[in-house]
Each structure stands twice: as structure tokens, then as C-alpha cells.
Amino acid sequence: MSTLTAVRGGAPVETPEPSEPTPRRRRWVPYALLLPGLVWLAVFFLAPMATLFSTSLQVGSIDEGYRPAFRIANYTEALSAFSEQFFRSFGYAAMATVLALLVSYPLAYAIAFKAGRWKNVLLVLVIAPFFTSFLVRTLAWTAILGDQGLLLGQLKDIGLVSPDFRLLARPFAVVLGLTYNFLPFMTLPLYASLERIDRRLLEAADDLYSSAFTTFRKVTFPLSLPGVVAGTLLTFIPAAGDYINQRLLGTPRQSMIGTVIDSQFLRVLDYPSAAALSFTLMVSIVVLVWFYVRRAGTEELV
Amino acid sequence: MTASHDARIPAALSRAGLSRRRFLRGVGYGGVALTGGSLLAACGTDPAKPRPEEQVAPDRSQQEKVVNFSNWPLYIDVAGKNEGKRPTLDAFTKQTGIEVNYTEDVNDNDEFFGKVRPQLQAGQPTGRDLFVVTDWMAARMIRLGFVQQLDKANMPNAGNLRAALESPPFDPDRSFTMPWQSGFAGLAYNAKVTGEVSSVEELLTRPDLKGKVTMLTEMRDTMGLTLLDMGKDPSDFTADDYAAAIDRVQKAVDSGQIRTFTGNEYAQDLAKGNIGACVAWSGDVIQLQFEDKNIKFVTPDAGVMLWSDNMMVPNKAAHKANAETLMNYYYDPAVAAELAAWVNYICPVDGAQEEMQEIDPELADNPLIFPDQATLDATHVFKDLSAEEERNYTQAFQRVIGA
Amino acid sequence: MNVAGVPGAGAALRLDGLTKRFGDFLAVDDLHLDIPEGSFFALLGPSGCGKTTTLRMVAGLEEPTSGRIILGDEDVTDRRPYKRPVNTVFQSYALFPHLDIQENVAFGLRRRGQKDIPRQVQETLDLVQLAGYERRRPSQLSGGQQQRVALARALINHPRVLLLDEPLGALDLKLRRQMQLELKRIQLEVGLTFVHVTHDQEEAMTMADTIAVMNAGRVEQLGDPASLYEFPATVFVANFLGQSNLVHARVTGRSGDTLLLDVAGQRLAMPADRSRATAESVLVGVRPEKIYLALAGTRGSGNARSATGDNELSGVVTDASFTGTSTQYLVRTPRGQELVVFAQNTSADRRSATPGDNVVLHWDPAHTFAFDGSGKAEAEEATAEESAAVPRVGVGG
């Protein structure tokens, strides 16, 4: 610092005072640059979070108004009433995530390693469904899976399945819808991490007595784990909170926690219980993700 | 424009597969964003009903010749494929000089309530002068003091309201509301899939319909029909009656008889044959029939539910008089007939049937659009619920429909 | 071009007419090589001459267009890479970033289900002086350390042939020198056959028993470092390995074992067995450090050979640059040929030449070499430079 002053001023004698402001101002700069981000975080994340939490402990009704009461029972009641939907949501989301991974991995692998000049075309195709609305995409599945739809209509005509058989309105359809709708969230991170792998590492493995399969198991897959972790999170989290797929493709017996929250908010107008459910959902996802990332981080990535 | 033309256009459009009631309910992610907003505003709300002087805002109708009108999608006549061109509204502007800012932003009663509640509760203007919601939501808004009394002096045509709709329990004098359109909630079936279905009992128990039945997520329609089928009066029943009805539906859900509960999307399933029978709205069925005569609407012997969507003026509306002028305009029988020819619901205006004779005689004779007095007398409306009843009944119903 | 291999029964690796085409481009052209068991073999050549491609074909990572690869007495041409007893130290190291050093080194052993892995890894890490680094990730090592891990990872498998693709290319000069010695030490210690690819002639000469100089996909000359240097077979080798003065000359006669030459009127002599020329027009070469420089008059001048029997050429100094251990002179002959001379700075009182001085250059005829002057390689140079003499600085020196 002192050299800086000396050089700048060209003064042979150093005076400590003038050299002070520069470093002090400098120390502030990073924080000043952080400020917009912090404000954003405070306004759009912390404030809603705090309100959500406070709402979750209130009592009252739409007619009487709501007042803070620190009522923990809002949580216990909501959870005992809707635990089934909670577990089902996580179950379906987990199934959809695994399915999406199984479908996406070969797809991303093929695009990254085998597609050659078709790479960009294939990537566009992967995200092409996103150009239409979520709702329309999901409704399209009712046409495909319908009892007399594209798939079953044909199979029933040739007598391969019984006329009463159906795919819609079953857990299968809901999980399929979730899988389909969040597939690009899985494929794209996987592709990105596979694409990034240095091909020379694969040659090195080949050179070190690894068959193609062993190379995949010991090099390609471990190196793609960041993509797997990102993809599974990006799929699991929205899938666990989703309610469209259940509503359009399922029945009340497949209802998920997102459906419940929506209904508690908009239809029953029980804001505290809806807030309690939202908050619980959020916390459980954070906890699950935390454990998952830690596990993936300590065991798989090493 | 010739009369026969007018009738063809809505028919053609309906073949595209949409109508107000068939339009997908607000299940989109808009709902989620909205949910967040409601939550924020839900923090420590004021229970007090606004006092009358808090409800009104200075009426600027004279200075500003506009009216801001929020309605359901596909619930008004349009010229051909041009959604921006609405003949009856254009004629209104020509006649009165009042511009209509027509917005189709009511997709769902509950969702719309969530959207306007924060302002109305805080005594702030919603930016709307007129909107349309279903009976029970109108009842809630009146109960919460969200809407203003109408000045009948501005509405000489209000007298054309059909007698059967004149005094609903939630607004006996129609001092807050005017019906936009009405409709039946009854049963429908696809004759290609199943034989005639004539009662809720059959819907809930017939083995050949197992997994091929849907009911509506509108609690009043589904539960009203179920109560009727059990010999109860939906306008006067006890909590036990309701619980019994809920049990009955729950059983059908548990056994897999009921496939799911839907908003307007049941119509596609019915047309495709994914479901055989369902609880349905009359307007949808008329539109489905344009394409497929196998779709039938059934009025169960136990009775049908009658519902209306009502026009209301929210608190702090800046152009109340203009809104009243608009309501008055739509109670002109000729205008009402033009509208009914397009939307196919029950027209609430006396004299419109005669006007319809000129537009499309076939529609004029359709009892689902112009039901006779006897039919209307046999219909039922759902009881006006107290806040607590509403919450309990809704909660119970939501549990059954899996939410 | 068929280059005879070093004779001997124990060829660890033998390339037989190995050829690789990329589309129309001939990257490796009919390569024949015999690499003896236990030797340190260097493949030396300029960038893009096909060294890596050759190595990759041996490793199995590139499929030859034609030709055979024989390891010991097994033809491995059609074997998948992981089934070849050959390992590579890659130009980029290619260490596995997700594995620590221990596991990187153990990788090959594990794939072959070997026992006693920790001990072997320990020994190998000791050998490359990296004991104590087992738990680090490659990204936590310096370039030189990474290079040694790459070496250990390959060495530990005791391959029939270890292929090293410019393993020292990324290191700074000092570290490179140090690693050269270390590599050589390790090779002697483990006794494996090393095939070392480099474009650094000094590196090749320091380390290798045998060097194959490659150019444009072909081997130009094969031999031990000294004979390559002292008696280059082609213009390319003469210039790529160190520096050479090359002068166009005409064979005028022969007396016994001595060949008589004429260079633009000045007469030279050389031993007949140091000429590979077959025609009358030849290129005569002599290394700059072999030439002595004397001020005119201090020595008998003229066109005649001096009493000592040295070859002589007279000229004028056009440039002198002092480089510390030596002074580098540029001397122009009366006919416009330019020659480079390195004069050792051995005596303090010796008067050094300065530009403009008339000098006489002389050297032992036994240091002269000659090859055909009408070959393909020097045809380009003849058009590039009109002068008969072609002083050149070797590439990558």
C-alpha cells in the first residue's frame, strides 16, 4: 500500500494519512457490488419466507381475518391430515427422477458422444417441447394415453389388451407425466457434464486396460456425476411440488402435496394450513437435498 | 349480417373445442404465482367489513367514457376468428360512446378471488368496474362487503330478468348482482360408450361405468346433485345430510368408480370416450352435440342444479354508472339473443327467445338455452352457506377430490 | 522409404509398413521400424510430422490404414487398445481428475485384477519420487509432479513398450532438463523399452540410445545420436539436428580413399566413405563448431590446401556475435556463400575477428560429409536461396 502511494505520488517521504482512503474504499467495493444481489434476496426470498412462516402460525378465517398466534398445531394438524400426500409426492417425484435419469442418460450420452454434426439439432429437439405450455404438453398425454387414444385404441383394436384396460387415471400416468415434463431438466445438465469430459481421459482408460464398459463405469460416469446431481435435483424438486400432472393425468387417489396446497389456499381459504404445508414441503426438500448432495459429494464424487 | 350467419359462427368455433366453461380452469402456474401473492397479503388481515362510505369511489363515468370489464374466456360473441372483434360490445360503444376494456382474466372463481381479495380487503381499487363470478362466489363477496349496490335507475332493462332468477338466496332483491348467463348442472353420457345414464345413483354404482365416471370440482354442482339423488334439498339440508353425501361420493372414489374430478376438461374426455358418463354443464354438452350426436345431456328425475354467473361492481370502481349502462345493454332482448346464440348457455333475459327465432330457430327451441318455466321451477340452487359452513363443506369436499 | 532397423533378435516393437491416411492427407507413410528390447528409442521430428499418430497406432487408439504392428512376436494390429500390453504417457498427461494419485496410479492394476496393489503403487511412487502425495488430486499437483504421476501410472503396469508422447513438452526448460535425467534413470532402473516422442533434438540426443528422425510421415534417418550428428544422411537431418553449413560442390576426382571436390573454384577434399553421394553434383556439409577461423595473412592463403591437410575457404567476416562460451561468425566467401563458424572463447589474448576482416576458414576433411545435391529436400532450398551455400539453423535446437 505504501509503495503504491510512493509510486503514484513520486514522493520520497511517505505520509500515512493520504494512503488510508484508497484501501478503505477498496475494501468496500466488493460489498457494494453485492448489494443489489442482497437486496434482491431480501425482497424476493427472505421477506416471502418470513411472511410464509408467520402465516403458518396464524389463526383465523377469511371472514374474521387472520392474527398471529404462534399455533404450532397448524403444522401437526396439516401434516397428520396430509402425510399421505406428502409421501406420495416424494415417492412419485423419486420415481419420475429415476425414470428421467434412465431415459436421459443414454440420450445425453448419445448427443454428447455420438451425434457429431447433429448435436445441435438434437439439443433443440430436446428442448422443443418447452416451446409450448406445460399445460398443453400434459394434455397431449391424455390424447396419447386415453382409453381410446393413440396407444390403447390401436392395442384394443387388435385385441392385445382388454377393452377395460386403461393407463390414464393411474399412478403410472402421473409418474409418466412428471417424467416427461421434467425430462429436459435432466437431459441438459447431463449433456453439459458429459460434453465437458476430456475425450483423452477415455483414451487413457482404454490404454490402461479398461473395456468400453469399464471405462464408462470408472471414468465417464464418475465424471458425469455433477450433471447427475444437478439433473436429479432439477427434476426432483419441481416434480415433488407439481400438481398439474396429477390433476390432468391422475385421480384423487394420486393426489400430491402441490394439489393440497393449491386447494388449501385457493379453495378452502385456510391460509395458515396452506402456509404450514408449503413451509414443511420446502424444509423437507432442503433437508433431502442436503443429505443427497452430501452423500453424492463424499462417496460418489471421490 | 344475416341471422343464420350468426348462429354458424359460434357453432364452428365450438368445434375448435372451447367454451367458457370448457376452458381449462386455472390450473396453470399462474395459480402458483398467485398463491404466493395471496400468502403475502394474508399476513394479519383486517376482519372488519368495509363501511359503505369506504366502498365507493368518486364516479368518473361522466368524465371518462370507459368501463373495465373482467369476464371468463370465450364467454362473449366474437366476429369470426377475430377474437378482438366483439359485435355486441362494438355496438354498445357505438350506441353509448363508452369504450369497453374487456379482459378475459376470470379463469376460476377461487383464483379470481385470490387475485382481487388483497385490494378489496385493503379498501383499494381493483382497476375493474365489472366482473363475473358464479353464485356462491358472488355470495361470498357480498358477505365480505366487496361489492357495491347497483343503481337500478340506470338499468331500466333489469326488469327483463327471468322470474326464476329474480331472488337467489344470497341476493334476494338482485341489488348487487345481475346474471350474465345461467346453466344447468346435470348428467351427460356418451352413447357410444354406455347406455343411458339417468341418475347419480347409476353414476356412482353401475359396474359397467367403473373408472369411466367423472364429477365436477365445483362443490355445489357435484354435491347438489348427490344430495338431490338422496332426496335432500340442496337449498336446505343439514350437516349430517352433507356428511352422508360426502361418504357416498368417497365410497365411489375408493372403489375406483369415479375416475377423477374435473373442471371444464371433462368435455374432451367425454367426447373421446375416456369416460362414459359424468356430471356436466349444459352449455358444454350443446357444443359437443354440434359435433357428436352421441353426447347426451340428462336431467335426472331427482332434479338438476341451476347456477348463474353474475355481474357485479366491486368496491372503489371508478366507472360504476358506465358498468350499469353496460349491464342494462345486455338485458336488451335482442342483444341477449345475439350473445346466447354464441355462448349456448341459458339466457337470463325475457324476450330473448323471440329475438332468437330470427337468428336461429333451432337454438330458440332448445330447452337448454330457453328452458320453459316448468323446467326452471324444477331446478335447484345450492344453499347460501355461512362462512363456517363454507369452510367445513369445502374442506370435506376437497378431501374427497384428493386435495 | 525403407529404413533398416537396428539389427538384433530382441525387437520389442516392430512396425511393418505402417501407414495412416486422414482423408487425402498422408500422416504416416509406410513406416518400418525395429525397436530393440530394453532400449530408449526416440522418435524425433518437427510438429505435425506424424509422431503422435504413430504412437497412437501402436497404442491402438488410431487404426492404421495399412501395415502391421508386432509386439514381441505377437501381431497386435487388430487388438483393442485395452488388450495391448502397451501403455502411454500422454502429451496432456490425461490424469483422471476424479481419482486421487493413489487411484490414478493403481488404475491399470485394478483393471487387471492384480494383487498387492498398495505395495506396487508405493514402490512406483517412490521411483518417481512422489511418496506422500497419495491422497492428493491431480489438480493439486504441479506440472512436473503431474508428469511423474502420468509416468508412474503407465510404468506400474510393466508394459512391453512404454510410449511417451512429448511428456516434457509442458515443462519449463530447467525442469525439463531435470526430468530428462530422471526419465533416463528410471528407464535404466526398470529396464523397460521406452519409445519417446519429441520434437526437441537436444532431448532426444540426451536420452535416447537410438533416434529415428521423422519428417512428413517418413523416417529420414535412424541411428545412435552421435552418428546422426556426425554423419547426417539428408539435408533435413543435417539441419534438424544442430546446425550445418551446406555448400554445393562438384566431385572432380578421387585419390585412394579421398574424394576431391570443387566449390566455386576452391578445392576441397574428404574421406570417400563419408559421402553418400552417387552423382557428380553434391552438397558438402560441415558443422560450424568444426571450422577454425584465421585472420588472412597469419596463415598461408590461397586456394591450395594447407600443409596440415585441412580444407580451406577464404572469405570476409560479415557478422560476429559473442554468446559467452563461443563467438558466432558469419563469413561470406568471394562467390557469395555464407558460412557459420562457432569459435570457442579459449584464449584471452587471441585477437578476434571483426566484421570486414579477411579470414581463412579451415577444418579437418574427416569432419566433412556429403550427399546428393539434387535430391528433393534441397531443391526447395535452392530455389529459396540463390546462393550456393545454405547455412541453416536447426529447428527446435
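Labels for the chains are A, B and C, by order of writing; each one numbers its residues from 1.
By our rule, contacts are C-beta pairs under 8 Å (C-beta built on N, C-alpha and C of every residue); 3 or more make two chains touch, one makes a residue touch a chain.
Quick caveat, the model's predicted, so the values are computed rather than measured.
If you draw each protein chain as a dot and join the dots that touch, you get a simple line with two loose ends.
Centrality by Cα centroid goes to chain A. Chain centres here are Cα means. That of chain B falls 91 Å from that of chain C. Averaged C-alpha coordinates give centres for chain A and chain B that are 37 Å from one another.
Chain A and chain C have centres, each the mean of its CA atoms, that are 58 Å apart. None of the residues of chain B touches two or more other chains.
The residues of chain C lying in touch with chain A in their complex are 59-61, 80-83, 86-88, 90, 92, 94-98, 100, 107-108, 111-112, 153-154, 157.
Looking at the complex, you find that chain A touches chain B at residues 48, 51-52, 54-55, 58, 60-68, 133-135, 139, 142-143, 146-149, 164, 166, 168-169, 243-244, 246-248, 250-255, 259-271, 274-275, 278. Interface residues of chain B, counted against chain A in their complex, comprise 24, 27-29, 31-32, 34-36, 38-40, 42-48, 108, 110-111, 113-114, 117, 143-144, 211-212, 253-254, 256, 258-261, 265, 268-269, 272-274, 387-388, 391, 394-395, 398, 400-403. The residues of chain A lying in touch with chain C in their complex are 198, 200-201, 203-211, 214, 218-219, 222-223, 225, 301-302.
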